[in-house]
Each structure stands twice: as C-alpha cells, then as structure tokens.
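Consider the two complexes below, in which chain A is the common component and chain B and chain C are the respective partners.
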Partner chain A sequence: MKAPQAKTVVIWTVVWFNLIFLALPTVIVIVASFTAGNIIQFPPEGLSLRWYASLVETDSYSDAFLRSLYVAAICTLISLPIGTLAAIALARYRLRMATAIQLYLLLPFTIPLIVSGLGMMLVFGQIRILGQLWPVGIATCVINIPFMIWAVASAVNSLDVDLENAAANCGAPPLLTFLTVTMPAVMPGVITGGLLMFILAFNEFIVSLMLVDARIVTLPVLVYNSIRSVITPDLAAIAVVYIVVALATIWVLDRLVGLEIFLKSK
Partner chain B sequence: MTTSARNRSPLLRLLFAAEAVRAAIWPQRMRPATGWAFLLPAVLLVAILVAGMAYMVDASFHELDRSTFRLTEEYSLTNYETVLERPFYSTIIIRTVLAAVIVTAITLVLAFPYAYAMVRTKRAATRKLLLIGLFLPFFIGQVVRAYGWLIVLGQEGLLNSTLTWMGLGTVKLIYTYPGVLIGLVQYMLPFAVLMLAPAVTAVPEEVELASDSLGAGWFATLWHVLLPMTKPGLVAAGVVVFTLTITDYAMPEIMGGGTSDFIASAIYDGYFSTDEQGLSSALAVLLVLGATTVVGVVFALVGVGTLGYSARRLR
Partner chain C sequence: MVRLDGVTKRFGDVAAAEDVSFELGQGEFLTILGPSGSGKTTVLRMIAGFMEPTAGTILLGGRPVGALPPHRRSIGMVFQRLALFPHMTAAGNIAYPLRMRGFPRDEIPARVERYLGLVQLAGLGDRRIHELSGGQQQRVAIARALSFEPDLLLLDEPLASLDRKLREDMQLEFRRIQQELGVATINVTHDQREALVMSDRVIVMDGGRIQQAAAPETAYRLPANRFVAGFIGVTNFLPCAVRRSADGEAEVAIGDTVCAGRCAAPLPAGAPAEAALRAEQVLLGEAGQPIAHADMVVPATVTEVIFEGDRVVYAVHAAGLGGALLRIFDHDPLHHKTRRIGEDVAIGWKRRDLMVFPRDT
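Coming up: the complex of A and B.
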C-alpha cells in the first residue's frame, strides 16, 4: 500500500527543514574556519588554515582543551560504576521505597542547572575544594548521572532474569554470574551511557562557568568568554574541534552499539 | 569448584579469586542488602546536589544587610516579597515562561514528523542520516551552537549577506527575542525527537494500516490514532523541553546579548554582579518550585509518560 502523497510531502518537507535547521550552524562554522580574513563575512575572504595554526600556537586554547578532556574523563570514570550499579539495583532488586529513590535520582534533571551549579559552588567552597579541576568532573557527573542510569536501566530491562537464574542454578556464584552473565548483557547500555557522560561533560558549560576561575578555565567557558568580547575566526576553528570530537563519538557509538538503539521502544 | 578452576584458564582463575574476595567481604547473609549497596554511591553523589540546594534555600530566607553587604542572621520572607513585587523580576519571569511555551509548541510540531520519518522509513541509510543529523548538534554543546547561530544570523552573517545580495535589505535577529527562540528551538529539537522516537516505535504499523483500510484519511489517522497512542512520548518530550527552556542560561545570554535575559541570568547576576545572593536564592527556589509544579500538574493530568526509569521494571 502506498502512503498518500500529501502525507509524504508534509512529512518530508518538515524533515528537510529540520535537517537544514539542525545542520546550518555546524556547516557555516566549518566554512568560516577556513577564511583567510580577519573577520567572519560571507562570502569568505579567501581560504587558509591560519586560524588552525593560531589555535595550535595559542597555549590558552590547547590548555583549556586538555582541561575539558580531563573533566570529561573524571566524569566518565566515576559515572560508569556508580550509574551501572544504581541502574541494576533499580531494575533487578526489590527495594522498599523504590519510587521515592527513582524520584530522588532524577533530581539532577529536575533542579535547573543554574541552581545546581550555584549550590555545588557553595558546597565546594565550604569544604575548600573550589578552584581545583577535579571537583568540576564530579559536578558534571552529578548533573548528568540520570543519563547513565537511564541507558543502563533500559539494557537491564531487556535481559531475561532466567539467564541469571540459570547461571546460578548451574553453580555459578554471585560475582561470577554478575561478571559473566549480567555485565555482558547490559554492556550496550554501559557503553551508550559512558559515551553520553563523556560528551556531555566535555561540552558542559553553565555548571563549569560557576566552578572554574581564570587559572582552570575549561574550553566551553573560554569560548563563551571570547564570544562576549570579539567574534574572531579562531573560535570557528575551535568549534570545528568540537564538531570533530562529536563526530568521533557518534562513530564510536554507532560502531559499538548502533545509533538505532535510541529508537527502541522501552 | 576450586579443583576444576585450577585447571582452567588464568582468566577463570582470576574470576574465582575475585569471587573468594567477594565472599570474604560480602558473605551470603549480606545478600538482602546488595541492592542497597549498589544504590549507595549514586545516592551519595546526588546528595552533593541536595546539600547545595539546602544552602540556597537557607540563603533565600536571609535579607541583605545594605550596610555590610552580607546576609543578615535573622530569618525572613523579605526576599520572596521583593521577587514578587519588583517589576524587573515579573518582566523576566513572564518573558521566560512565554518563551518556554512557544519553544515547546514549535519544537513538538517540528519533532514529531522527524521522529515518525526516522522510525518508519524503510531505508536504513535514510534512518542513519536522520540519526546523525540529530546527534551531531546534540553532541556539540550549546555554546558552540550559539556561536554558529551568531555567524548565521549576525549583522554581517550568512542570512543578511544573502538578503543584501538579493537586494532585500537586512533583518535584525541577533540580540533579539526571536533570535533567542530560534536558538532554543534548534537546541531542543534533538531532545524532543529522541524522546518521541521510542513512542512512535511502540505503535505497530498495522494499527495505522488498519485505520487506513477502514477509510480514515492520513490526517484522521494522525489525529485519532497516532497522537493519542504516542501521548506518553509527547508528554515526556514536552515536559523536558519546557523545563530545559525555562531554566536555560547560555542561549538567552549569547543570542539575546542582554536584551532578553531569562530567569537564570537574573539568578546568576544576583550572585556575581549585584551581590544580592539572598534575593537570587529566593528566585532560584521559586524557579525550582515553579518548574516542579508544572511537571507535577502535567504528570497528574496525563500520566508520567516515558520519563522515569520506568515503573514496569519494578516487579
């Protein structure tokens, strides 16, 4: 059976509009980054790689880039065990007050980021760790942990309980069952969650803005500060770095678990 | 068990060693507590947020002493009264809520056909393209995307250069309210599509075919079959987009350039430029309460949708 023409036209018109709307800023940034001129204008004034060269030469940019990687690494390393265990606990164990705990663990989503950021700034200030970089990694983990739990929980859900029971029946002790039956089955969720945590922490802006100072500024905050003064093409080159990191993450996600995992109905 | 393990691979021997360590520190009688032990680290992690929230709530009850520029010791509701009375704050609150309503409506209308096409397309390559089109901006981050919009919509940007070249004059979108809305809709689209897609997947295609074969036009099928059946996804997407918009900071700051500040900007300024921490905290508490109330009312009226870690799992 063929879909009615009007329906096809309406749907694909909106889809194409969306695709262009979503991609436009990205594509434009790439074009702008190759300009030879000192300002961004259209059409660009010649082609060159000079802004990429200036990026490599400017220490403040490469330092901020490394700091962002460090923050994202801390966030990912902490969230992998914490989020995975919490998701398995919520999905596998009968717990009292499970609903209340679920709501509690959704707090990072329901409390606005600006409020979370200020609150953690006050807490970190009180215990005198404000001004260091590793707490920023913890903070990005706190605000994004529901993504990790979510990703793993949906993988646990698709694991048949009988598999674990069968392993136990055949004499596998608890830890062995966990490591050889449960973990491999939830691995797609763990990978998805881990990649989400990495990329979200790498891009994290508003909470970092409140937790960093000039000495430990992360890349998104540096870009933000630069936008507020002068918009020069070197920012476009940084933006391309972000695009490359995003593409790499998408590629890894697609290779390891497949992007289609996000279309699955729960 | 141990005798057979000794003859096995080094990996298996390692696993059995780990099992022995587990048995020593977490014996059989501790089994009932295992679930709680798994949850504890996550609970402690989120406790940092709760502690921060407690500081904010406490600060909101202390008025600023104008002579020392510190918060007074006494508890009072003055900050809340000031927030509700100052026209400056009501303007900002109305502007933010209005933006959240507009952005939610536009985003849902744009996101639904995208999610539908992505789930229903027969071609794997098309599906992949649509997924990448979604994830690329999602993974780039708000600041960099806002920067891209500055280049597209700016005075000398792509749009205005094109318009001038066509002899149509220029439009001013950067540092305006509509500019902020454009940036926000683009920011929210991936969130909305990703929450809608599973809901569309959950509707069997046969249901649509049945509706068709019974003589319903495609619009009738959409209105009477698809939308009601995907309601959980629509609710979840709507709630997420609404709360993310109402609490956003970066987009109004960058795209609005001070002309269209949202609630988050006012909270930030209170802490970092005007030294009114108490007042800012009161505004923050009201924002949390307001957003939670909206979410609660929507959930009470139409159900939790696809949000939450799903109650179905809790057998």
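Coming up: the complex of A and C.
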C-alpha cells in the first residue's frame, strides 16, 4: 500500500522542482523590472514603471526592437515557401538522394553558430552586403530552417498517404490538388514552423552579433552591449519585452492551430 | 462497364498482378478477395489510375483508359484509411468532387444534402471530420465517392479498421446504398465473410493471379483449387494418395481409409493429393455406431472443445485417417450433447462433401 504513495510523492516533488526552476528566473526578472531603484535587484527596491518609460523614451532601444522585428519578418517570409516545399517534397515524394538532401538540410544543426556566423560574415563581406539588415534575416533563416522543415514534415507525415490520390479521384488535377488539399492540410505545421522561425530570428544573438555593425544593432546585440557597460534595470524591462513577445507568439499559435494539436504533433 | 484484359503489373522481377482479366456489368457488385500481397489492391489502383499496368488493357465504358490520369476517370473510391480532407467539413468533403468536376454551383448544396441523407448523416454536414465517429467518417467517405455519380465505385478495404459489430452494419449499409444507386462496384477485402455477404460475384486472388471467379455460393460450394478451399471457410486438409479417378470423382486413400470424393479434373493414379472437408460438414456420432446421412464413418478421439455459444468447435484426432487432426463445427449445440476431451467418438461425412485437390508441390 505504501509504494504508490511514495511514488506519488516522488513524482510531485520532481514536477514542482521543475516548475519552480523553469519559472523562477522569469518571475524574478519580471518582478525586478518594476523596481524604483537604480540597480537590478531582487526583491526590488520599491515599485514603479520608470524603467519601462525609459525603454520607450530611449530611441536606441525602440530602433533595435524594430530592427529585430524586421529581421524576424524577413526570416519568416523566406522560410515559409522554402521550408514548406522542402518538407513536403522530402516527406511525400520518393526523391533520388532523399537521405542526402535531408542530411544537408539538417546540417545547420550540427555546426556551431559561431562558425556559421563567421562563414556568413565572410560570404556577405565578399558580395558586399555586410552592414545591411536584410542579410541578417537570411542568415537567421539559414541557421534555423531545420525547425521549419521539421514542423511541416511532422504535419505531412500525419496525413493519410492517399490524401492526394483521393483528391485526384475527386477530379482535381495535380496543381489544384496541391492548392486545395495538400497545402491546407499541412497548414497547422506551416503556421507552427513560421512562428517558430519568427521567434528564433527575433531572439537570435550570436549570428546577429557577427553580422551587424554599430548602426544596425538588433535588440539582443544591444542588450549584450549594455551589459558590458552598466547593468541597469531597463535590461530587466527588455527581458520582459522578450517574454511578452514569446507569450504573444504562443497565443497566436493557440488561436490559429490549437496548442493541443501543436503539442501532439511533436 | 469495366473490362480488364490480361492486366499485369510488375515491380522489377516481381509480378504483383499477373494476367488479370474480368468484366463487370452495370450495377454489379464484385469483390476481389485475397490475403495481403495477393495483388488485389494493385488491381484496384490500376483501375483508379494511380498505377499503370505493365501489360494488358483496362477499359472503362468500352474505352481503353491507358494513360488517362486519375482525375479524368469517372471513378469514385473509398480509401482504406478513408483519406478525408481534414481541413474541410463533412459537407465540404462531399462537395469537393462536385466543385472539381464542374457541377453548376447552385446545384451543389442540394446534391450534398441529398447524399448526406443517403448515408444517414442529415444535419451533420457542418461537422469537421475529426468531430465525427469512425462510422460517420465511413459514411462521409462513401458520400464523397458517390456524390458525382461515378460510373464505377471502388472500395479499398474501407471496413478493415472497424470493430466487428460496426463492420457488419456497414457491410449491409454499403450494399443497401450500392443497390439503391445501382452503381457498378469493385470491393477489395481479405475478409471472406464480407465477400460472401456483399457481393454478386467474387474473384479470389493469390500470388497476383485469379484463382477463381464465381458467385459467392459457388466459390464456397465448389472451390476451384486448394487455395480457394482453404481461404474461404474453415477446411480440414488430409494428405492422401489417389487410387483412381474418373468423371469428376476420385478414390483416395487417407491413411488406412479408402474413400471417394469429387475432384475438378481427373488425377493420375498414385499422385499425392489432399482431401478437403469443411469443418461444418464433418458429422459427429457415438463411437462404434453408424451416423445418419454419413457415407463414411471412422473412429476418432476428441482433443479439444471450445464452446462459442452459437456453435461448438471440436478438434478430433483420427488415427484411421493417417493420424490427422480435424476441426469440426457443431452448429446446433442446444440439441446435441457437448463432447468431453478424451471421449471416443465416430466422425463421418457425405461422399459429395469430400473434395480432392492435387497437392501443391
């Protein structure tokens, strides 16, 4: 009789330990961001919104925020068609050298970001596009594309293998089959992948750091620069902005796809 | 309606279907019955146009379809895993072939309603596919395959995944709808019961070849060969030697027992053969006594008794039949006494119930 009870205790201890340690840093940062004092500390010294106000007032922060959004948008727009088509092709059609292509597309996972960043810095410098913002979007797309392919491929794999045959049987020619059946059916995977790409590009630090200069710093790079000089509570406020963006993404995902479908597809 | 002439499909050296020929008339319900790997699905996919035959011709409505792509063929198909469009409602699925095949827009809603009614889903058209039960999804798949009034309906084992009760209901449902619409239908299955229940005609396939094409009752009563005899029904096969054979009859020796049976073609004397007896045609009687209606009686010992309610399944050991173990169905357990394991009994059969087939070598 005792064993199940002991098991329950162990399981719940582990669960709470995990929940607390996953959430603790986030909670501390959020609370600290509302401090009225001049240094980040926990518990905060009084409560105020002064550091949020300073975020909005400081042009360098809002500019960097918009640049990060721009990079994330470019990354998402490029990855949507590429990742979707590659995933459908790999999961659905018998391609020559499919395994090789799959490995090639997963390569970005195996290479340290610092190496990818260095490589892209050299290439972009060579073709003279370094110092602009849009190549950063392309770079974040390249290093994260496996996520997109993986999200769409898992949607494709959960489809009935005869889905396209069924459409043909209903009288749909191949192009219409793709547009009216294949694409809509994998849309949950496309949306999941797209949002993932957006948030990853928005957060990307190392590759950004190597590709931007002082005129076009993105938000993570700006945070890094600030940390190296003075650590002020506005950094905690920026952290909260990141949390809000992540939550917003999850909210959009839930509205468009449904979180239970998202979690099931993994 | 449909005709296949010597249709063959090879993958490399392997023939998935070999020289398959048959014809299907208007309103006829044909079942292709066979184990997995028998080539039955390959034949269906070639008719639908998802595969091209290596050799032979397929004619639809008198015209060879050759390389005609699937979307240009007037064929409705219910797929094994249904392949319903997950992002559409039930009504959306049924309307899809109508939209794709250019039906006038204003006619589509009424037609969708009619077919929802036909499959008894009236009022459920707005449901998404995943909100429907397994049986309801089956019905949507049937309605989608029929709504555009195809010349031919193909069923690719759509009932295989259902539980037994629902499967038997759906078999009758399919048959009702098919007869109501009078559409020529080819059904593919490995379920002999389904084949017998639903079909006007059965084609039994094995190893890519047609083994027998006949009415269900004929295939059951007069199996063309050992495979068909073994695949439809539960049959005891007893190794035997042919003593002489003529006029559709053969005299054989099963162990020490000499008896007669019918055979499709004359068999050479001395040839190894197999005598086949259906489990329900073996009669049980008291040890050492004659059995009414039986032409042959041999002693046996009960080795297994399984009471199934509507029947009792016995296994008996018959030393006089070369030590063979026979399976016997007693379909009237309320009026017969149930035998015990180890009990000595007599088993018998009618002369015409014993079939003799050449032994596969």
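Definition applied: the second predicted complex is superposed on the first by the 255 of 266 C-alpha atoms of A that agree within 3 Å, B and C clash if a C-alpha of one lies under 4 Å from a C-alpha of the other, contacts with A are read in each partner's own complex, and residues count from 1 in each chain.
One rule holds for everything that comes next: contacts are C-beta pairs under 8 Å (C-beta built on N, C-alpha and C of every residue); 3 or more make two chains touch, one makes a residue touch a chain.
Every value quoted in this text rests on a predicted model; they were computed, and no experiment measured them.
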Which superposed partner A:Asp162 touches (first chain B, second chain C, both, neither): second
Touched partner set for A:Val71, first chain B, second chain C, both or neither: neither
First, second, both or neither for A:Leu85, with chain B first and chain C second: first
Which of chain B and chain C A:Pro108 touches, first, second, both or neither: first
In the superposition, chain B vs chain C on chain A residues touched: B
Touched partner set for A:Met187, first chain B, second chain C, both or neither: second
Chain B versus chain C as contact partner of A:Gly171, first or second or both or neither: both
Chain C-contacting residues of chain A that also contact chain B: 171, 173-174, 176, 180
Chain A contact footprint on chain C (complex, rising order): 48-50, 69-72, 75-77, 79-87, 96-97, 100-101, 144-145, 148
Residue ranges of chain A touching chain C (in the complex, touch as defined): 159-163, 165-174, 176-177, 180-181, 184-185, 187
Contact footprint of chain A on chain B as seen in their complex: 1, 15-16, 18-19, 22-23, 31, 34-36, 38-39, 41-43, 45-46, 48-56, 59, 110-111, 113-114, 116-119, 127-128, 130-137, 139-152, 154, 156-158, 161-162, 185-186, 189-190, 194, 197-199, 201-202, 209, 212, 217-219, 243, 246-247, 249-250, 254, 264, 267-268, 271, 280-281, 284, 287-288, 291-292, 295, 306-315
Residues of chain A that touch chain B when the two form their complex: 1, 3-4, 6-7, 10-12, 14-15, 17-19, 21-26, 28-29, 32, 39-43, 78, 81-83, 85-95, 98-99, 101-102, 104-116, 118-123, 126, 138-139, 141-143, 145, 149-150, 153-154, 156-157, 171, 173-176, 179-180, 199, 202-206, 220, 223-224, 227-228, 231, 235-236, 238-239, 242-243, 245-247, 249-250, 253-254, 259-260, 262-266
